[in-house]
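To start, I am sharing the structure in question, which I have written as structure tokens.
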Amino acid sequence: MSLNTFGHLFRVTTWGESHGPALGATVDGCPPGVEITEDMIQVWLDRRKPGTSKYTTQRKEPDQVRILSGVFEGQTTGTPVQLMIENTDQRSKDYGDIAEKFRPGHADITYWQKYGIRDHRGGGRSSARETAARVAAGGLARAALDSLAPGIEIEGYMTQMGPHRISGARDMSQITQNPFWVPSAETATLWADYLETLRKSGNSVGAMIEVVARNVPPGLGAPVYGKLDTDLAAAMMSINAVKGVEIGEGMAAAMLTGEDNADEIFMGDDGRPVYSSNHAGGILGGISTGQDIVVRFAVKPTSSILKPRQTITKSGEAAEIITKGRHDPCVGIRAVPVGEAMMACVILDHLLLHRGQIGRNRGTIG
Amino acid sequence: MSLNTFGHLFRVTTWGESHGPALGATVDGCPPGVEITEDMIQVWLDRRKPGTSKYTTQRKEPDQVRILSGVFEGQTTGTPVQLMIENTDQRSKDYGDIAEKFRPGHADITYWQKYGIRDHRGGGRSSARETAARVAAGGLARAALDSLAPGIEIEGYMTQMGPHRISGARDMSQITQNPFWVPSAETATLWADYLETLRKSGNSVGAMIEVVARNVPPGLGAPVYGKLDTDLAAAMMSINAVKGVEIGEGMAAAMLTGEDNADEIFMGDDGRPVYSSNHAGGILGGISTGQDIVVRFAVKPTSSILKPRQTITKSGEAAEIITKGRHDPCVGIRAVPVGEAMMACVILDHLLLHRGQIGRNRGTIG
Amino acid sequence: MSLNTFGHLFRVTTWGESHGPALGATVDGCPPGVEITEDMIQVWLDRRKPGTSKYTTQRKEPDQVRILSGVFEGQTTGTPVQLMIENTDQRSKDYGDIAEKFRPGHADITYWQKYGIRDHRGGGRSSARETAARVAAGGLARAALDSLAPGIEIEGYMTQMGPHRISGARDMSQITQNPFWVPSAETATLWADYLETLRKSGNSVGAMIEVVARNVPPGLGAPVYGKLDTDLAAAMMSINAVKGVEIGEGMAAAMLTGEDNADEIFMGDDGRPVYSSNHAGGILGGISTGQDIVVRFAVKPTSSILKPRQTITKSGEAAEIITKGRHDPCVGIRAVPVGEAMMACVILDHLLLHRGQIGRNRGTIG
Amino acid sequence: MSLNTFGHLFRVTTWGESHGPALGATVDGCPPGVEITEDMIQVWLDRRKPGTSKYTTQRKEPDQVRILSGVFEGQTTGTPVQLMIENTDQRSKDYGDIAEKFRPGHADITYWQKYGIRDHRGGGRSSARETAARVAAGGLARAALDSLAPGIEIEGYMTQMGPHRISGARDMSQITQNPFWVPSAETATLWADYLETLRKSGNSVGAMIEVVARNVPPGLGAPVYGKLDTDLAAAMMSINAVKGVEIGEGMAAAMLTGEDNADEIFMGDDGRPVYSSNHAGGILGGISTGQDIVVRFAVKPTSSILKPRQTITKSGEAAEIITKGRHDPCVGIRAVPVGEAMMACVILDHLLLHRGQIGRNRGTIG
């Protein structure tokens, strides 16, 4: 990680501001021979696209990705892949007020203090729009994973919105059937009502997202600062508005006894270890066990709300601010595909790192 | 972060196994002219030393640090500082059983699968003993912070042990007065009883630790993968047994509305911004606000317990394991100084990064 | 350095192929507040632009740079600067033959062996066109240097073309007055004749380039792998077709005695050290002395020539190849602005690194 | 490269000063399962050991390496390997004068200016003693290469001492038969006389070293800043006293025509490409061709000479200095094993990088 770059071998550098001419991801270190087209990446971008429901910002951006380099005749060449998304709907006027006033909960004040200059339009670099570049890079990472380690599945979904946890049994087939990526039709209905009320009142709310990676081979990750969970924590925490990250039991691990927390080990019918439970979230000592990798993260409520809030101006004067414009009442919704993208990038990166140092797993059991 | 290295400019590489000849930290990029002695570092090591109470492992290690390089006549020279701790109490016999059996919840099985070889004695590289090297590096980081940005205070403490949260008002003066680093005399008494019962039953328990950094100047941290909170999340998650990391409101942010979560901004009497609250945990857009930086992390219960657990051997046979030896019933206790050390390293690293790219904060308010 | 990224804090990632839609440089870590416009960068690109004389490739590229991010109202914001150059003159037909035959001296065969896929059009990623992105990044680095350390001058020129060294006294004012960037009108005339003959015969020739940085403050660079000369060597050797790099005396240092090589030190009238000579090329122990930093590098002759050469095809069959198309008879000419750009990037990067670790020079003399 | 760290995946951080308690190399990223003992590394250290002939410093250091971590039961475990060499012969008194006076050609003055503090004893961090740590790391790299890519041979030798180039045919069997590592018995005799005269006069002389790596597979290296030659240039230039680095034809490439420089390609009897010559030095486009990799570097004459030289003191007063103590009249001699070590580290690092991104070469010919 180095300012705007993420990853060890599969290195993603995102660039661009919310209201500049374009933004994108420069991806270095992608394996060659991965089949990829703009359409394959667009699929994922369309999932996080604004304006798809009344619960996300009404900004109309086609968010059309272009591959400018590193792909030849439909395959990656092993050279840097430039994924560019042009900004087309830049209604700067909506944001006039925030050039002078610092929005509470936003990066306005810290960017100003640090840099002494900032592109205030739409949050500039700190806008959630930056995550579009991550999703594009994640699309490429998924394609590379399909090529290198077929069978890996990465799926994200919301498990909580404000005070409302997902209720009832989880039905994964529902995830794509509602605007909240929640694996429960019943919960989706409940949340729709809740969020509609909130939205009308000009308020916003936080959310909890869980991302699972299935069929990840054991052996990925490395001690002690290159742990798989370390990189996942960094990856998720780097997403705008994320305030907490958990692996497996997560914060609840503080409440367990060692007896309760033990994932006992048995020999599976296929000659591979199986575990009685997955408190560990698929990672032991920073290295994947072969179980599902389970990460959760909390997204704070959108800071831009229609409720008046106290703040100050650049000149240091007290002011009241209402953030008009087009904002998501629950920005956590659009964080779901972003969390998936980060998971894909981290797992691919560690696959490459593992192959680099080790080649393939060296220890056999049985 | 690169396998065993942590940090951008203040780069710490830890090395060594639990039962090898020595372990340590190679620290590159330390500013020159920092006054440092072995004693100044030893203070912090003594805080995490095993055998200080009946609640920590009875392994008797003096954990004596030696400075092998990078310091001349009591000051850092700007060249790499080698901090070495020799291992003196290596009772390898205690650990014989685990050469063949994988302990549930430990890195035994994943290290074996990945590397095909591991120093099983005491957990080898994945032992909590590795954190001694972090604490040594953190001691150096604290001295550098004292030199570069006097006034920064870093303090860690436990806020929860198993089901028991800290109760009553916090009294920071109590932190060093009990074996749990808990800022409450009353809670300390309660936890002592609870842990003693647990220990006698051969069980263990998890814990929650909070680390606060006070008087950190605004402006530290950088978008979007070099955020201060991103690096803190990685730093804390890289500590053995940590399963979750939170900044400010943390996971609870999922439950808040935007109205509740807003830290309103006012002009302080000293001409600097003040905030009505600190839901953000001192970081906005990845950059410090000048408020207290508040991080929490959850430590899972010690996996080594006297309760028999099911596992398998390297040959794939079913086996029962009881982990004898000297183990902490609540490894979270000793994680407190480790969390402080990581906080010190991250903040120093970002001070240097900030100075490198920016020089000093460029934006003025008022 | 990591595949396509260069630099520690001022990090340049170049991307793009010769005949793809675009190429560019993603620049991370640029200080904020640097005044920069597309025109200021264009000046440097125009210097290396093809088609400016009959001695450079007749490919007509406007090489127009666009700033897509990181600049707001004419100043850098401290966020990533994306510098994009669209490819407009992609006459792919000229290059048909090389899809199957490997050109001797080119990266065709090694790219094929490694990646199993390559964009053969115009050399793809290994084309000298990649250096346009470096020149753009160098333009930004120069602007940042002007802002941070005014007075630094970076100047490159050719000192040898094939067997012909620069003759007579050097006249720096001549550098921009001839197509060879040679500081001698007399030599320029001589080289023009020589190169014209060579070009007509379908041959090519190598060159030696010297790049000097003046008024660089003492103290830049760091032991032992972050030496200023180490990074300069890497920077220059990374330029296409470069086969050797020298600092100060360079390879000739092998022939000197210690007595001859000593740069004796005296106290200057302005209270700063002065040296009797500059065999060291401005660097001692990897750290700048304050003298001129002098780097030389050798560029091999263009491998694409009209002389038939023996090679093989992808199918392993023997073949003869003549590389038609538009090629420079002396690619070293266009390497001059590239060497300057790399010098600018390295010095800026080390200025930032120095400021990060040290702040400002700590030792005084006198 | 980051100050004191070298390498992408096989990362070597050296630490320690000439006259501190110890120095060493922290090696991260070594593949597991490599058979290694202290004796296997000692072999290489003994080659560069001081005091082996009258042409090298008479400092008597056993330079005994200890492996402190990362090796278990004779094999690497994949965790960091700490290689420590204790300093035993620290005759600090010899160096008293240089605490105040800056030795011309040494890093004394630049270290002082930059850091404001330096361990002046024996040059401290900038001492050639640092290269012992490189040689130790190189010994480990060689063992790893033997394990991963058996057949690779790395051999260094001197080709020039002052004005005297190696004369006559090269006889590689002679390299270890004379104190100069020169592949010619005749030249060795000549150089012995020359150097003896020089030594008695208190003077010193430069040298040219060539390092060859044979049987390196094609495909190692990556565009455009991770080129194999880029990293070799950095590796060699980072060695103390090196002033120039060449690959293949090196600086002489400036004098060649394209016709002369072309390495024509044919199909070998074993179905692999062969080349008519090796002007390229085994690298095309930054990627190995399978030919011998040929690197040369020039080492300046030892700056510590018995001839009086003009300098200044820390107080800025003019002074004359004669550097007494134990110094090599031709420090280039001891640079030979160091150059080999750097070659081994770079090739291993690129083998791992290649395996990480690509797995194995993907393109076939024929």
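Each chain gets a letter, A, B, C and D, in the order it is written, and its residues are counted from 1.
The criterion applied here is as follows: a residue touches a chain if its C-beta (ideal position, glycine included) is under 8 Å from a C-beta of that chain, and two chains touch if they have at least 3 such contacts.
For clarity, every value in this text was computed on a predicted model and none was experimentally measured.
Listed here as common contacts of chain B and chain D: A, C. Of all chains, B has its CA centroid at the greatest distance from the CA centroid of chain C. Of the two chain pairs examined here, A-C and C-D, the one linked by more C-beta pairs in contact is C-D.
With centres taken as mean Cα positions, chain D sits 45 Å from chain A. Centres computed as Cα averages put chain C at a distance of 26 Å from chain D.
Chain A and chain C have CA centres that are 38 Å apart. The set of chain B residues touching two or more other chains comprises 2-5, 14, 29, 32-33, 78-79, 114-117, 125, 222-223, 357-358, 362.
Touching chain D in their complex are the following residues of chain B: 2-5, 11, 13-17, 20-24, 26, 28-29, 32-33, 66, 68-70, 72-73, 75-82, 84, 114-119, 124-125.
Residue ranges on chain B touching chain C, taken from their complex, read 9, 29-33, 78-79, 222-223, 352-353, 355-359, 362. On chain D, the positions that touch chain C within their shared complex are 1-6, 8, 14, 102, 104-107, 109-117, 125-126, 130, 160-163, 198, 203-208, 218-219, 221-227, 229-234, 236-238, 240, 243-267, 271, 273, 276, 279-281, 283-289, 296, 298-305, 307, 309-312, 314-318, 332, 354, 357-358, 361-366.
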